[in-house]
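Below, each structure is written out as structure tokens.
The two complexes that follow have chain A in common; it is paired with chain B in the first and with chain C in the second.
Let's look at the complex of A and B:
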């Protein structure tokens, strides 16, 4: 009751507290070269105006998350969300300018990398943005502004070169073509395995619904493969595929080998199967049997029932399965780099090998961004595929 | 029109329907009834080949259905089921249009038919055509289910408890509406039910089944007065006289009854209550508002203040209702008469306990 009177938003509150705590950590690390130990730079050491601005903005977030979230909390959500966006923009400007200042005309080996403080502020800001977004459902324009302003600013800063003296950018600029190549490979492995997963998984799901005998073995296998650690599955595929390509040189010509793209595609396809098979199965099962019976009784053929009734009603759930599989595979592709399949995971393993955290981030950050993008795109596809009359608006 | 000849359906050792022969004449409503598991739904589903008989033959219009493509056979029969089975992703009009669509009717003809059917089942086409099934009440959905079954104007209707999943009040209305529609369309109907009152009310003939066998196939009157064996006797129950009332409409028994306007003075009301203890109260549009009692008129300033039971839904019956409903309303309310209203709630008159008694006596004689 007290909470309702106050109109507090707990998620936003957590974000604000996390954001404020970033003031106690270092925001940048200055190193004479890529691998040497460095000196930590806190917010107070860098530009004073920006530090003051960030503290004030975070205090504003804290105060605004404490009250005003009652029935008409929309305005409060817009206020909090936009403040969090401004924090991100100021933080980016701050680290960009400070890095440029520190590097100056010193040795090209000098590295300025992002510290815990920056990441914590980023995390706090996005928790607050998430809280605001939740509140702004159905308020399209403001919801988009809250979601995308800081990201848009980030894009502009990347293009204008504001961030070019940060060590991640320096790791990237040396490997630009390699980055694009591995990004392409990552997308190829993702698309190839999920597409194969769809082509195999949907028929398997339909088969599991139609045949009692097939249902159990299909799910037994799909569930088992899901529990095999990804690294082990990649490993398991090496001996049989090597043997195959050894026995049939023609296959080797086609690129089938124990390491590289082929085993990666096979393993990733296997992982993408379970969500797709399961959701196809559930999607078809939840179609009202009375609707199918009525369709049959009115003289629709089996194929007409499938095309006009079962398929459209199951489609949203099937596509949810594809979404889950895609997001999952985006992360799993990273591991495929270990068996020589490339992808953005290559930078991660290079970074681990060279004890270069910035190189790890060069692989990890695009993978996270890719996962979020795939998720957003697939959610939109699911929304489009949901037939009218079955969505929430009708209830 | 429909003839089943020694039809048997068995699943392994279980026999669902055993050597059943049944003939349904054109324009006749045949109610299939029996305890659950007696094979009535299986029998219905064999007529449109949703279930294939193990042996025996089924003729429709003299033609053996085994020689007709199932899809084609089914498109010539309307089919309505208990779960209604409306397609949730299609609007009401798309749902109704399914069979005409399968039969490749022209667009204009389909649109015109949808409008006709919605009006026939008492739903405003402009309001309902664009709705989705999720936006309908149970009773509305059942009506759309019936409209959909009638869409291509098939000579035969197969219905499996089409009025099953609604409250008693709505079911009563749907049954009355079905009778009205059937009177004008004269379809050949096979309807499965487990509700004996429904069977008696709607049937031209009732087919009573027990454990896969047809026990008696007769008119409701004959089933009630001459049950063939102990099973039918027990199934029909001891309240046969009461059940017979389900066959009789109140419309033949409505008699004029005293009523006064709700805006009348207390003196006028008291005068109206001299000859009998109570009178019905109507508003300026003749709509029933309740009744007043001689004793309730003391120390009140207006009729409005002393009015009793103002909900016509609870005290009145429709002119399409049966004597049985009228009687149960009387017993439920502790009254010796119930008011009868038309579909707009206007008072038509009343039916008394004496009328019910006379009706029963006349049938017994």
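Let's look at the complex of A and C:
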């Protein structure tokens, strides 16, 4: 029981070393206004107690990754995982409080942004938490605690306003309504194009399975369009749509123009097709012929076989295709801002135009968060749709 | 080489030659775009000829892809060796996590850190292109049957010999598939590099959007699409020949 098997966890060790190295970088950057060059603030300049706490906690991680990862290493994994979570919480409190202190009653133009040190500590914590989670497979409660504590704390800090003096938040607070509008547009472009992609892609996939002659041209075209760079595809649609709206003013009334939402929706739909068509095709192809035979033997009609046997068995793979398409489209919508379709990419390109890094982040970070959320939700949907007992639950 | 394969390479060669001819003869573009967009006063982006833009574009992709291949394949090989096995789950996790990140967001994040121009674009292309290569190297090497590796050891091959003479050749087509995905994504992302001043085929499109000149947009979009499709087809050709060559 008390037997401590020697065993080192190299992944956790790498995480801890990365985390410790963050002490040599600046954690915050202070700038007199959003465009000016800044002065760097290291952990030592910010808050002594928190700096000390972070160093001690990282050292604890380092030590605990060195030994004790033998057979009875589960407790070690809990220590390490929770310590890494606490580091993230302390780091968030530290940057939040320091930013508030620095901004104080100074000029409202003052900007405090996150520096490399903070991001490196986050990366180190991610690796350490991953190492702990790997070890805690099958231990529900602790694994959840290790996975979610830091994220939950981040949510609470965000709501309580601890982080409101950081520059990204300040960029946001001036543009709340614009942000919500562009977020809505982003979601609209995402939902509209993926929904159309599903409506077109699933029938195309079924057609490719059923007809030998259709298979090759469908995949040829879907593959080629997927290869064309997004900016080029948006570009191709502009002249014909402009010509159309010029020739038929009635279309312009409907919002069909060379730039804006229409070409964006068309191009994004085209991009979402390939994953959906391909996965529908593969999904239907991998249905066990014995299952179809069983249906025939039971006297089912062709449509019944499709509805009761083929469709449910192919569903997980089709949804997997929808997941891939959705995640990809979240990113491609960002490019659509270049052709005047709006969305969160608007902030990125405005930020690039004004050379304002915080504005770029205001676009980029929500886009990444959205992609991760769409990915997680769709993975859960795929899991729900996977029939029990086919041995594919774990995929 | 079979007859079919020879014909395929011939067609690819002709396509490359046609593309090269097309981008080095600007009068073709001037005539065609001038005819299509007779309302525009100027139909060719004045910054540089298409040949220069394509070369700029290829330079961006080549620099980043060369680094990607070197580092990505090494990382993938290391993660499948006994010394690096321990890191396989975290590397797989980071690559699939990173794949969720939109390429444009990576490009945008590089700007605050590295400024404008060539450097942030190459860095973003490198980072994003790394993921498919690492993933496919790992998948390719993992798929090599353990029996074959055992046989190689039995024949007295060293670990390095086994890696280079047995495992890598067998995994080559999967690794090349990763390279193809990585290069095609990079050609597309490099277009956006024009926004942060990296040049390339994105610049006529951006100029066309800003100045509302439809001819510029087509001048950039058409060669970019051709370049991406050609690169994809060439690499698919190599991939397929490796697949059949292994039998």
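By definition in this document, the second predicted complex is superposed on the first by the 363 of 395 C-alpha atoms of A that agree within 3 Å, B and C clash if a C-alpha of one lies under 4 Å from a C-alpha of the other, contacts with A are read in each partner's own complex, and residues count from 1 in each chain.
By definition in this document, contacts are C-beta pairs under 8 Å (C-beta built on N, C-alpha and C of every residue); 3 or more make two chains touch, one makes a residue touch a chain.
Being a predicted model, the structure only gives us computed values, none of them experimental.
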{"item": "Overlay on chain A: chain C relative to chain B, clash or fit", "value": "fit"}
{"item": "Which superposed partner A:144 touches (first chain B, second chain C, both, neither)", "value": "neither"}
{"item": "Contacts of A:286 with chain B and chain C, given as first, second, both or neither", "value": "neither"}
{"item": "Touched partner set for A:375, first chain B, second chain C, both or neither", "value": "second"}
{"item": "First (chain B), second (chain C), both or neither touched by A:351", "value": "second"}
{"item": "Which superposed partner A:160 touches (first chain B, second chain C, both, neither)", "value": "neither"}
{"item": "Partner chain in contact with A:211 - chain B first, chain C second, else both or neither", "value": "neither"}
{"item": "Chain B versus chain C as contact partner of A:309, first or second or both or neither", "value": "first"}
{"item": "Per-residue contact with chain A, leading partner among chain C and chain B", "value": "C"}
{"item": "Partner chain in contact with A:330 - chain B first, chain C second, else both or neither", "value": "second"}
{"item": "Minimum Cα separation, chain C to chain B, after superposition on A (Å)", "value": "25"}
{"item": "On chain A, the residue positions that both chain B and chain C contact, one per complex", "value": "none"}
{"item": "Chain A contact footprint on chain C (complex, rising order)", "value": "36-37, 86-87, 89-90, 93, 97, 100-105, 108-109, 111-112, 116, 184, 187-189, 191-192, 195-196, 201-202, 205-206, 208-209, 214, 217-218, 220-222, 224-225, 228-229, 232"}
{"item": "Footprint of chain B on chain A - complex, ascending", "value": "288-301, 304, 308-309, 312-313, 387-390, 394-395"}
{"item": "Chain A residues touching chain C - in the complex, by the definition given at the top", "value": "9-11, 14, 127, 130-131, 134, 223-224, 227-233, 235-236, 238-239, 242, 258-259, 327, 330-332, 334-335, 338-340, 345, 348-349, 351-352, 355, 357, 360-361, 363-364, 367-368, 371-372, 375"}
{"item": "In the complex with chain A, residue positions of chain B that touch it", "value": "48, 50, 70-75, 79-91, 98-99, 102, 132-135, 145, 148-149, 158"}
